[in-house]
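Below, chain A partners chain B and then partners chain C, in two separate complexes.
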Partner chain A sequence: MAKTISIDMREFEFDAGETVLSVAKRNGIFIPTLCYHEALKPYGACRLCLVEVLEGDKPGLHASCLLSAKQGLVVLTVSDLVLKVRGVLIQLLLKRYPKEKSLMDIAKACGIEDSISTLTGEHQEKACLLCGRCVRACEEMGRSVIGFVSRGSERAVDAPIGSHKECLGCRACENVCPTGVVRFSLHDGVIKNDLWDITVDMAVCPICGRSFATVPLIDKVKTELEALSEAISMCPACRRAELLKRICV
Partner chain B sequence: MEQDTISAKYNELKEKGLLSLYPKGIKITVGMSTCGIVAGADKTYETFGQGLSDLNLEARLTKTGCLGLCEEEPLVYILVEGKGRYIYGRIGPGDVYALLSGLKNKKIPKQNLLCKVREDKPLLGGAVNIEELKQGIELFEPPGLQDIKALPFFARQMKIATRNSGLIDPISLEEYVAMGGYEALKKALLMDPEDIIETVMLSGLRGRGGAGFPTGAKWHLTRQSEGKEKYVICNADEGNPGAYMDRSILEGDPFSVLEGMTIGGYAMGAQKGIIYLREEYPLAASILNEAIKRAMDQGFLGEHILGGDFSFHIEVIKGHRAYVCGEETALIASIEGKMGEPRPRPPFPTEKGLHGRPTCINNVQTWAYVPPIIALGHEWFRSIGTEYSKGTKVFSVVGDVQKSGVVEIPMGTPIGDIVNGICGGPGPWGLKAVEMGGPGGGFLPVSLVNMPVSYEGLLEVGAALGAGLVVLGQNRCMVDMALHFMEFAVKESCGKCLPCREGTLEILRILRDIAEGRGVLADLRVLEDLSTALKYASLCGLGQTAPNPIMSALKYFKEEFLAHISHKFCPAGVCKGLFRVKIDRYNCNNCGECMIVCSNQAISKTNNGYDIDVIKCNGCGNCIYICPIKAIKPIRNED
Partner chain C sequence: MGISEEIRNKFKGLTSEERSRPATLLKRVQAEYGYVPEDALEVIAGLTGLPLSQIKGVATFYASFSLRPRGTHVIQICQGTACHVKGAKRLKERLESLLNTETGQTTEDGIITLEEVRCIGCCNRAPVVVVDGRTKGRINIRELEPLIRDLRD
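And then the complex of A and B:
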């Protein structure tokens, strides 16, 4: 018999190693998330995905992105406590970043309009929500170029002195950023990130002369996959053309 | 090593230790822990050295740790062979020559003399009756001397973790052994590791860091975890405001912690111990490093301890000024060279700790309890304390109290006994509250102050056991105190999880509003909501307990918050702008103290007594607290 957990009084099967969040998502149960991303290891810092455990683990609120599903676990994604705490957390975020669109989407999905917020504070227009996705993406896939700096309310994401040069330019950070504040833009021959003051050289295709990937990224592929070292120097279009030429001739 | 050889080694060390503890003639000892040095003990020590050679007096001059009576530092102990040990308080360099010339004239000077010790009763060794020691020196002793046991400060204490502090030279291994030290290690190495864990488990010892997890269970989990390499860590990152009992133990008796860790290492199968020491404790660091060196030289640490198969090393690693690194997962991250941030548990450190290996982290006091438990057995330890809280607890008592210091009392002692009985009460202003557990604890009002000290009891009323005891007099404003603790939480939040990073900041903002007269009634509800969110949603203990001070202040002192909000009035006369001062001319005795203390020369003498210039007054409140008969009172601005 397959193992099941109970979410909101309904039974769901789960696979070994699965988290409560993943079971809920798979079955269309809404749990808000911010720091969670499918491609990254769970971090459990935004606390938006809290669910209330009734049985099967320590009773109370747990971050569902880290809570392993196990037989006999009974959780609620909507309880008085969950709604109250979740509401405060989202209001805290809204207070700090009142104009951030991705945040408004989350608030809306949770049924929280920013007008009902009783919290009033200094309005900071800053779009980094400190979810840490970019930092973890760089740690897991890149070269740990960026990290958190300072403590508490001064916490920020930055590239410490000297680590700028290490950046591969893989742009995984940009890809996982929920708000779009992490952005690389292409200038002549380089990609630039103004937030962390990172510049990475672009490689030029020897055939068509187009910039298509960053130099360190190509170097990395070359060292790791020697067989591809010739093909990777070309841009995808020229690579296809070259391949076609070789097949046909 | 054969047991006979070990016994011979112990006897030799013991003999040396007893000789330096109770030498012939006169021995002068200065309390040289941080509390002593801050009061000027280093100068006193130097002056004694100078004075002894100047007056050509023959005496041994030594150092010791903190006896606990920090209010009376620098403490000086004069041991006279065959007479007793005389304890002097507040001996500055200026008092040294008077003391020495008294001794030279064959008299025990009476000035600053606190008490006399006639007999030492080491917990782990035989009693030493100093008065009967061989042939004594003839000295005149002033009559009617109080015995140390008659002093209220010591009478109710029970010293287990602080058994050697203020008695032995902290870095003298010989003196530690003479006091019964390392007997427990000798015994433990002959025991089965499982039996040691069983003993610790049966003793009922719980973590003294505050959370109160059963120590034996933690050891058991670490031993059960798979892995060849394991670590034991001593958490000495003591960062609670006003708490310094761990420092006192480390500086006064480092070997007891080292011995406890070595026994723990043997029981859990660990090869390495780490003392994670707060960076602000440089003296403790040098004392620990010296103690480790000496223990290694004598074979109590390092390879093949006492000639057996067990090898164990201890290293001191300094923290980097972050309160959150006292949280075990953040502590591990810090040792690994990562950012000192907590990570979610499970996995718990007992399973995956330092470098991914099973790790047992215990507090300084917890380790210091281990040798006595092993040496005297679990039944002895179980016999002390309450049903769920066994043994004793060390507190540093600070704040509005007559005799601040480090006290050790059996669990179950009423808090009021510590504050009023041992430490002499809060002084003229009377008791308002006792803060227990630091930024993660809470305020206990006078009505709860007679409750017994125990994990279970304190948890129920919203306080905690981990930190020291901060005594607050009636002159303290609870809004101001809650604000103070919240400022600490904001400053020390690592910022990783959202509730703690943003929530503490928001609570602080609201508290500031209330303290500065901008509060509205709805704030109280928001405070409660924020506190709930922090309590349930934060990632680590720091965030989960950060709202405790404000929650307990709101629970027990709500009327003070309401006075700040509704009447814009601070009844204690602390929050600036929310009160004005009035001299009660009818009661005033015209002493003029208020005029002297006024920071803005707003008080002047008139024909009818003293008068306050309302415009000049900047609301510092100094006059309220200096007035010996409480004739100056804070009143509402509009009254």
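And then the complex of A and C:
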């Protein structure tokens, strides 16, 4: 018999190793998240994904992104307690980052925009919420160029100068950032990140001269995928043509 | 001898286990130089095999490490919750005006550095200042001037 858990009074099957959040998402049950990203290991920092466990090892509030599904687990995603605590968490975040769009979207999705409309503050565009997604992306997929520094109200994400040269320019950090504060932009032959003052050289396709990926990224692929080695320095279009030529002769 | 080389030499005599612990190495550097130079972070990253970003994270997390050179004496004023309730903010402002410097800075003569810390774990003795590593509890605002005078002598 397949194993099941109960979410909001309905029974759902789960796969081994699955979290409550993933079971809920798969079945179209909404749970707000901030620090969670499907490409990264769960981190449990923001607590927005709280659910209330009624029956299980430890009844009470748990972060569903970290909570493993277990036979017989009974959880609620919208109990009074969950709504109350989650509402406070969202308000606290908004108090610190007034009108930040990603937070406003979460508030709307949770149907609490009325209770936050009284929160005033400067409109601050694109803030860093310290969710740590970029730090984890860099750790898991890049080279740990960025990390948290300081603590308390000074806590921030930063890149020590000495680590700038390690940056691959893979832009995984930019990709997972929920607010868009992490950004790279293309300039003459380089990509630049203003937040951490990182610059990475762009490579140029030896055939057509188009600039399409960063030098360190190509170097990395070259060393890791030997068979492709010379073709990888070409842009995708020229690479296709080159590989086709090789196949046809 | 380059600074990196010099720092590496300071770690001689440590066991290989000690050499794998970033906080131990940071402490040694802090004790030797009175602060942690940028180069030391890289040396420590190399020795421990940890990313530089994480070493910097540790170095900036603890108030006992400073990334900037400090004065001969260091006054740390606690701004934790208990001390705050006991008027630590006023003490801090008084220190700033007595030393004519801002928190986080060193006096012009290079003698005293003023820093703020968050709860040093002896709230029952709030408000607390730490002078050159020694904790002084239940500090009265009037004690600050003689304290600074003593340090200057």
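Simple rule for what comes next: the second predicted complex is superposed on the first by the 230 of 249 C-alpha atoms of A that agree within 3 Å, B and C clash if a C-alpha of one lies under 4 Å from a C-alpha of the other, contacts with A are read in each partner's own complex, and residues count from 1 in each chain.
One rule holds for everything that comes next: a contact is a pair of C-beta atoms (placed from the backbone, for glycine too) under 8 Å apart; a residue touches a chain by one contact, two chains touch by 3 or more.
These numbers come from a predicted model, not from an experiment.
Of the two partner chains placed around the shared chain by superposition, chain B is the only one that A:L81 touches, whereas chain C remains out of contact.
Counting the residues of chain A that each partner touches, chain B and chain C differ, and the larger count belongs to B. By the touch criterion defined above, A:K41 lies against neither chain B nor chain C after alignment on the C-alpha atoms of chain A. Of the two partner chains placed by superposition, only chain C is touched by A:R143; chain B is not. In the overlay built on the shared chain, the residue A:P160 is in contact with chain C alone; chain B does not reach it. Applying the stated contact rule after C-alpha superposition, one finds that A:R26 touches neither chain B nor chain C. Once the two complexes are overlaid on the shared chain, A:R151 sits against chain B and chain C alike. In the superposition on chain A, A:L50 makes contact with chain B only, while chain C stays out of contact range. Chain A residues in contact with chain B (one complex) as well as with chain C (other complex) are 147-148, 150-152. Against chain A, the residues of chain B that register as touching in their complex are 322, 339, 341, 344, 490-499, 501-506, 509, 522, 526, 529-530, 532-533, 536-539. Partner chain C is touched in their complex by these residues of chain A: 135, 138-139, 143-152, 158-163, 166. Listing the residues of chain A that touch chain B in their complex gives 34, 44-48, 50, 60-61, 63, 66, 81, 84-85, 88-89, 92-93, 95-96, 118-119, 121, 130, 132, 147-148, 150-155. Interface of chain C with chain A (complex): residues 38, 41-42, 45, 51-57, 60-61, 118.
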